[in-house]
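In what follows, chain A forms one complex with chain B and a second complex with chain C.
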Partner chain A sequence: MLALYFVLLGAALWLGSGFAALGRPSERTALPLSLLGSLLGVVGAVLCLVQGGAGSLDFHFAGFPARLAIDALSAAFLLPLHLVAGLGALYGSSYWPLDSPKGTGRSLRFFFALLVAAMSLVFLTRQGIFFLLAWEVMAVSAFFLISTNHEDASVRRAAWVYLVATHMGTLILTAMLILLARRCGGWLWGPILGAAAPKLDVAILVLAILGFGFKAGWIPFHFWLPAAHAGAPSHVSAILSAVMLKTGIYGVLRISGFLPRIPIGVGGVLLLLGAATALYGVFYALAERDFKRLLAYSSIENLGVIGMGIGLGLTGRATHDSWLAALGFGAALLHVWNHAAFKSLLFFGAGSVLHATGTRDMEVLGGLASRMPRTVRMLFPGVLAVAALPPFGAFVSEWVLYRGLFAALMRGYPWTAGLALPALALVGGLAAVAFAKFFGIIFLGSPRSAAAEKAHDPHLPMLIPMGILAVLCLALGLGSAWLLPGLDRVVVVLAPGVSGQLAASLGFELRMIGGFGGALILVGGLAWLWVGRPGKRKNPQLAPNQPTWGCGYSAPSVRMQYSAESFSEGWANLLPGRRIRMRRLKAIFPTPSTFHLELSDSVGLGFLEPRVERLANRALWFRRLQPGFLTIYLLYVLLALLGVFLWMLARPWLLPLLGWSA
Partner chain B sequence: MSEFPFVHSLQVLLHILTALLLSPLIPGLINKVKALMAGRVGPPVFQLYYDLAKLSQKQAVFSRTTTWIFLAGPVGTVAAGLVAAMLVPFGQDHAPMHFQGDVILFAYLFGLARFLTVLSALDTGSSFEGMGAAREVTFAALAEPALFLGFAALAKSTGSLSLSTMLAHTGPLFRFSGPLVLVLAGWAIVYMAENSRIPVDDPNTHLELTMIHEVMVLDHSGRPFALVLYGASLKLLVLGALLVGPILPRNAGPLLNWLEFYLALVFLAVVVGFAESVMARFRMTKVPQFLVAGVLATAFAFLLMLV
Partner chain C sequence: MIHDILITLTVLTNFTLVATSRVNKSIQVAAFQGVLLGLLPLTLGLGFHIHILLMAVAAVVVKGWFIPFLLRRALAKVHIHREVHPYIGYTVSLMLCALGTGMSIVLAHNLPLKPGGPFALFVPAALATLFTGFLLLVSRRKAITQVVGYLVLENGIYLFGLMLIGDMPLLVETGILLDLFVGIFVMGIVINHISVAFDSMDTRQLAELKD
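Entry: the complex of A and B
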C-alpha cells in the first residue's frame, strides 16, 4: 500500500514539475520536483519488488468504478521508468536548455513530465477506460516530444507517422478492451473466473499482441520507430526506447496474466515473431550510418528478444510447464531491465556526440575517444552490454533466454525453439558487428571532419547520468543472482502457481556467472597492470609515439580509413532495401567517379508506404460526404439516430436469426 | 572424485598449469610439422616461449592515434581465454568449474575477446586493420550459429547444459556416430576460422590485403604483442580441448586420461599442420561458403538429434 502512495506521489510531483516548467521560476523548481518524483517512484517500485506487497485503491470517477493498483509486475516497469526519467531530466537540463529558441525548452519539459506521469498511470490503472485514457495521454505527449524539432521536415513526417501508427494500435486495443470487459463482466480488470470461453480468449490475446505490438515495435509494426527515435531529442529517445516501447510488453504480459488458460500455439508464434523481429532489427542496425537510427533499430532487435522470452513463457503456461514459464517470463523481464539501462546510456552518449559535433552521420565522425575521453569511458560498458557480452547485464538475460530455449528443446515443445536458437546466436554475432561499427567508427581512429576534430566532453549534468547507468550495466551483470527473488514475485503474477522457481533453480548458476565476471575483471586488471609497465630493454632512439603503420604507403590520409558502410558491407549487402548508384570506372586512366548508397526500410518504406498511399487516395472519396453545409450534417445526425432506433426495434427478431441470444 | 580431495585438487592444479603454461607449445608443434612437410628444419618447438620472453622485455611503440582501447584487445583476449579454460574439461570427467549453462558463457567469452580485438584494431585508424576487423566480425557471426547448433545437438543428447557433461558423457551420441561426426566436422571448420588457420586465413602470409586476424594486430608491439600471441595460443588450446573432448575415451584412472588428452592435442596440432601444408587459403569470397558448410553440418546433426 505504501508503495502505491509513493508511486502516485511521484507521478503527481512529475506533473507538478511539468507545470512549473511553464511558469516563471521554472528550472529551479521543475528539476528538483522531477528528481524527487523519480526518487519516490523508484523507492515505491523497489519496495513493492523487495517486500512483495501489493496495494490497490478503489474509487468512483465520473460514475465509473476505477481502480489503481500496484503489484510486482507494475513495479517491474515503474522502476526503469522512474530511473530513466529522473536521469533523463538531469541530462536534459544541460542538453536542451530551458531558454532554447522558440520556447521548445519549456514545451519539451512539460510534455516530458506529462509522458512520465501518464506512463505511471498506464502501469497502475486496472480499468479499461482509464487505461485507454492514460494510454492516449502518453501517446500524444510522446507525439509532441518527437516533434520538438518541428522545423525539420523529416521530423514532422516522423511524428505524423508515429501518431498514425500509435492510433492504429489504440484502435485494436479498444476492440480488445471491449472484449475483455465482456469477459470480465465490467470495465474493472481482474483475473477471469467462471466458464471457459476459448474462442473469446484467443481473440483477446491475439488482439492484445497486435495492438501492443504497434507500441513494442514487433515487425511489421515497427515502421514508425526508427525515424521517430532518431528525430527526437536524445534524452527523449532514451525514455521512448528504454521505457515507452516496454508499455507494449507490459500490456501483453498484463492481459495474458488475466486469461485463465493460454491457447497452445500462440506462444510458439510469438517466439518466431520475436526471432524475426530481432533478426530484422539487427540487420538494419548494422547497415545504418545514422547512429541514432542504428540505436533505434537495435531497440527493435532487443524488443524482439523480449518477445521471444514472452513467447516461451506463454508456451510454458499453455503446456502447464512451470519451469518453462518461469524461464521465459524471467528472461523477458530481465531483458526489459537490462535494455532500459544500456539503451538509455547509449542514447545519452549519442546525444553527447550529437551535442559536440552536430551530426548524426557516422561517416564524418571518428577519433572522438581522445577528444571526449570521459564520454567514451562511460559509453564503453554500454557498448559491451548491448552486444550481450559478459560480464554485463544483457548477457545474463540472454543466458536465461538460452536456458529457456534449451529447456523447450528438451521437452520437445515448441519445435519453434529449434529455429529460435540459431537465430538468437546469429543475432548475437550480428549485434557485435553493428556495435563494433558504432563504437569503432564514431570514437576510434582519426576524425573524418572538422566538426569531429573540435569535439569536446559535455558538462557534468550530462555525464553523471551516463556514469550511473554505466555502473548499473555492470552491477546488473555481476549481481544478477540478487534480482531473482524480485523476479520470482513478478513471475507469480504472470503465471499463477509458479513461485520461487528462479531463485531456487538459477541462484547457483547466476552466482557462478557473477563470479566468473569478477574473475574476468581481476585477470584483465592484472594483465593490464603488466602491460602498462614497459619492458626493461629500452631503445633510446625510438620515439614512443609513432604514426600508425601504413603498410608501406607513405602518405595515408584520414579518408583512407575504413568507413561505416565498408565495415558492415559483408552482411549489409544481403538487405533488400539497399540501393547503390555508382558510375563504373572506364578506361585505363579513369575520370573521377561517384558512389552513392541509400538504405530504406523494406517493410515500412518499401512495402507499406505505396499501399497506404493508394488506400489514402481511395479514402478521398469520403470527402464527397462533406459538402460543408450545416443542414446536411444535421441530416446525417437524424439518419444515424433513425438507424439506431430501427436497430433497437429489429434486434429481438434479428439476433436469434444469427444464432445469438438477444 | 569428492572422496579424494587431494587427487581432486591436484587435478585442478594440473588443469590450471596446463592452461597457463602449455598453450604456446601448440603453435610451435604446428609450425614444426609444416616445416618438416616442406623439407625444412624449421624453428624449434619452443620458439613461441622464446618470443614471449623477448617481447616482454621490449619497449612497446604506440601509434599516436591510439587510446587506452588499443590495450583492451590483448588484455581482453588473454583474460577471456584463461577464464574460459576453467570451463572445458581437459580429457577428464569434469572441468575445475562447471554449472548448468556454462556452454553459453564459454561461447560468449570468446565473443568478448573478439569484440575487444576488433575495437583495438579500429583504434589505430589504419585502413588495413579496419579491413581485417570487418572481415573478422563478418565471419565470426557465421561461426557463432555453427558453434551453438553443435551445442544444441549435444545438449539434446545428454540432457545437460554443462560443458563437462556434454563433452565427457555424450550419451546416445556415442563416439563416431553420425550426428557426432557432423558436429565435429562443423566445429573443425569453426576451429579453423576462430584460430585464423588455413584455409580461412593464413597466419604467415606476407601481404596485409589478404589477412584477417594478423592484420588486426599489426600495430601491437612489446608486451601488448606478447599478450596477443599468448592469447592466440590459448585459443588454440581451449577450442582444441572442445574439439577432442567428445572423441576421447574415458578411463578409470585420471593419469591415463591426461596422457590421452596430451596425445590428442599433439595429434590435433599435427593434423592442423598437415592441412596447412597441403591446402591453400581460400579466396576471401569463398570463406563465407566454407563457414556456411559448418553451419549446415551442425544443423543436420541437430535435426538428426531432434527426430
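Entry: the complex of A and C
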C-alpha cells in the first residue's frame, strides 16, 4: 500500500513539475520536482518488487467505480519509467534549454511531465475507461513531444504518422476493452471467474496483441516508429523507446494475465511474430545510416526479442508448463529492464553526438572518440550491452530466453521455437555487427567533416545520466542473480501457481555468469593498467598521428575510410526498399561519377504508403458532397429528416420482417 | 375550436408562401403566419397567465412586426422584388408542399404521442410547416427568401414547442426566443456579407468561398 502512495505521489509531483515549467521560475522548481517525483516512483516500485506487497485503492470517479492498484507487474514497468524519466529530465535540462527558440523548451518540459504522469497511471489503473483515458493522454503528449522540432517537415510527417498509428491501436484496444468488460461483468479489471468462454477469450487476446502491438512496434505495426524516434529530441526518444514501447508489452501481459485459459496456438504465433520483428529490426538497423534511426530499428529488434519471451510464456501458461512460463516471462521482463537501461543510454549518447555535431548522418561523422572522450567512455558499455555481450545485462536476458527456447524444443511445443532459436542467434550476431558499425563509424577513424572535427564533450548534466546508466548496464549483468526473486514475484502475477522457480533453478547459473563477468573485468582492468604503466617505453617506430585506415599511403584522405554504407554492404544488399543509383564506370580513365543510396522501410513506405494514398484518392470522391451551396447542405438536412420520418413510419413493418421485435 | 382554425390558417399560409413569387408578399405572409402562431397560446384554454401573455406578445411583436420590418428594410436597400428562377418552380413547390403536408398527417398518426387533448392538429401542422420552411430554404435562390424560409422553419419548431407549454412554459419561451435571435442574427450577417462582398444577394456566389 505504501508503494502505491509513493508512486502516486511521484506521478503527482511530475504533473506539478510540468505546470511549474510553464510558470515563471520554471527550471529551478520544475527540475527538482521531477527528480523528486522520479525518486519516489523508483522507491515505490522497488518496495513493491522487494517486499512483494500489492496495494489497491478503490474509489468512485464521476459515478464510475475505479481502481488504482500496484503489484509486481506494475512495479516492474514503473521502475524503468521513473528511472529513465528522472535521468531524462536531468539530461534534457542541458540538452534542450528552457529558453530555446519559439518556446519549445517549455512545451517540451510540460508534455514530458504529462507523459510520465500518464504512463504511471497506465501502469496503475485497473479499470477499462480510465485505462483508455490515461493511454490517450500518454499517446497525445508523446505526439507533442515528437513534434517538438516541428519546423522540420519530416518531423511533422513523422508525428502525424505516429498519431494515426497510435489511434489505430487505440481503436482496436477500445474494442478489446469492451469485450473484456463483458467478460469481467464490469469495467473494473480482475481475474475472470465463472464459465469458460473460449471464443471470447481468443478474441480478447488477439485484439490485445494487435492493439498493443501498434505501441510495441511489432511488425507490421512498426512503420511509425523509426521516423518518430529519430525526429524527437534525444531524451524524449530515450523515454519513448525505453518505456513507452513497453506499455504495449505491459498491456499484453496484463490482459493475458486476466484470462483463465490461454489458447495454445497464440503463444507459438507470437513467438514467430517476435522472431520476425527482431530479424526485420536488426536488418534495417544494419543498413541505416542515420544513427538515431539505427537505434530506433534496434528498439524494434529488442521489442521483438521481448515478444518472443512473451510467446514462450503464454505457451507455458496454455500447457500448464510452469517452467516454460517462468523462463519465457522472466526473459521478457529481464529484457524489458535491460533494454530500458542500454537503449536510454544509447539515445542519450546519440543526443550528445547530435548536440555536438548537429547531424544524424553517420557518413559525415567519425573520429569522435578523441574529441568526446567522456561521452565515449559512458557510451561504450551501452554498445556492448546492446550487442548482448557478456558481462552486460542483455546477455543475461537473452541467455534466459535461450534456456526457454531450448526447454521448448525439448518438449516439442511450440514447434515455432525451432525457427525462433536460429532467428535469435542471427539477431544477436547482426546486432553486434550493426553496433560495431554504429560505434566504429561515429567514434573511430578520422572525422569526415568539419562538424565532426569541432565536436566536444557535453556539459555535466548530460554526462551524469549516461554515467549512471552505464553503471546500471554493467550492474544488471553482474548482479542478475539478485534480480531473480523480484522477477519471480512478477511471474507469479502472470502465471499463478509458479512461485520461486527462477530463483531456485537459475540462481546458480546467473551467479556463475556474474562471477565470470566480474573476473573478466578484473583481469581486463589489470591488463590495461599493466599496459599503460608509467615508465613503459613507447615504440619509436610508431609514427605519431597516422590517420586510421591510412594503410601506409603517403597522402591518405579521410575518404579512404570505410563508410557506413560500405561497412554493411554485404548484408544490407538483401534488403528490399534499398535503392542504389549510380553511373556505371566505363572506359579506362573514367570521368567523375556519382553514387546515391536510399533506404526506405519496405513495410511502411514500400507497402503501406501507396495503398493508403490510393485510398485517400478514392476518398476524395466524397468531396463532391460538399459543393459549397448552402441550399444543398440544407437539402441534406431535409433528406435526413425525411429519412428519419420514413424510418419511424416503416419501423413497425420492417422490424418483424427482419425477425426482431419492434 | 379557435385554435383549430388558427392552425388550419397556418397550414394555408404555408401553401401561399410556397406559391408566391413576390418577395414583399412572402414577407407579409410570413408575418401573418407569425401573428397567427403568436395568438395560438391564448386559445388553448390555459388561462391568461402572465407567462402565456408575455409569450404571445413577444411572438406577435417579434414575428409579426420586428423581423418583417428588418426584412423590408433589407429589401428596400437591395431593390429586389421577385424571386426569379428558383431552383424548384412554383407549381412543383406547391405539389411538394402538398405532398409534405399529407405525409406529415400520415406520420403524425403513426407517432406514439398522447392522443386527444387540444393538440390533435399540432403535430401534423408543425411537421408540415417545418417541411415548408425547408422547402423554401432549399428551393429559393435569394438570401432574403431564404431568411423567410428560415422564419417558417422556426414557426414549425415553435408550433412543436407549444405542445409543451403547459408543462414548461418558461423553457419553451426562452428556447424559442433564443432560436429566433440566433437564426435572424446569422442570416442578417450572411445577407449583409453577401451583398457587401459580391454586390449581389444571390447565394450561389457563396460557393466561391468553398475550400
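Throughout what follows, the second predicted complex is superposed on the first by the 599 of 662 C-alpha atoms of A that agree within 3 Å, B and C clash if a C-alpha of one lies under 4 Å from a C-alpha of the other, contacts with A are read in each partner's own complex, and residues count from 1 in each chain.
FYI, contacts are C-beta pairs under 8 Å (C-beta built on N, C-alpha and C of every residue); 3 or more make two chains touch, one makes a residue touch a chain.
Nothing here was measured: the structure is a model prediction, and the numbers come from that model.
Contacts of A:366 after superposition on the shared chain: chain B is touched, whereas chain C is not. Which of chain B and chain C touches more residues of chain A is settled by the count: it is B. Using the contact criterion defined above for the overlaid structures, shared-chain residue A:69 touches neither chain B nor chain C, since it reaches no partner.
In the superposed pair of complexes, A:428 makes contact with chain B only, with no contact to chain C.
Contacts of A:475 after superposition: neither chain B nor chain C is touched.
In the superposed pair of complexes, A:649 makes contact with chain C only, with no contact to chain B. Within the superposed three-chain model, A:440 lies in touch with chain B and out of touch with chain C [touch as defined at top].
Residues common to the contacts of chain A with chain B and with chain C across the two structures: none. Per the touch definition, chain B reaches chain A in the complex via residues 55-67, 69, 71, 74-76, 78-80, 82-83, 97, 99-102, 104-105, 107-109, 111-112, 114-115, 118-119, 122-131, 133-135, 137-145, 147-149, 152, 155-156, 159, 161, 208, 218-219, 222-224, 227, 288, 295, 299, 302, 306. Residue ranges of chain A in contact with chain B, taken from their complex: 366-367, 369-370, 373, 376, 380, 384, 387-390, 395, 398-399, 402-403, 406, 409-410, 415, 418, 421-422, 424-426, 428-430, 432-433, 435-436, 439-441, 443-446, 508-509, 512-513, 516, 519-520, 523-524, 527-528, 530-539, 542, 544-551, 556, 558, 560-562, 566-571. Contacts from chain A toward chain C in the complex involve residues 626-631, 634-635, 637-638, 641, 645, 648-649, 652.
Listed in rising order, the residues of chain C touching chain A in the complex are 87, 103, 106-107, 110-111, 127, 130-131, 134-135, 137-141, 146, 203-204, 206-211.
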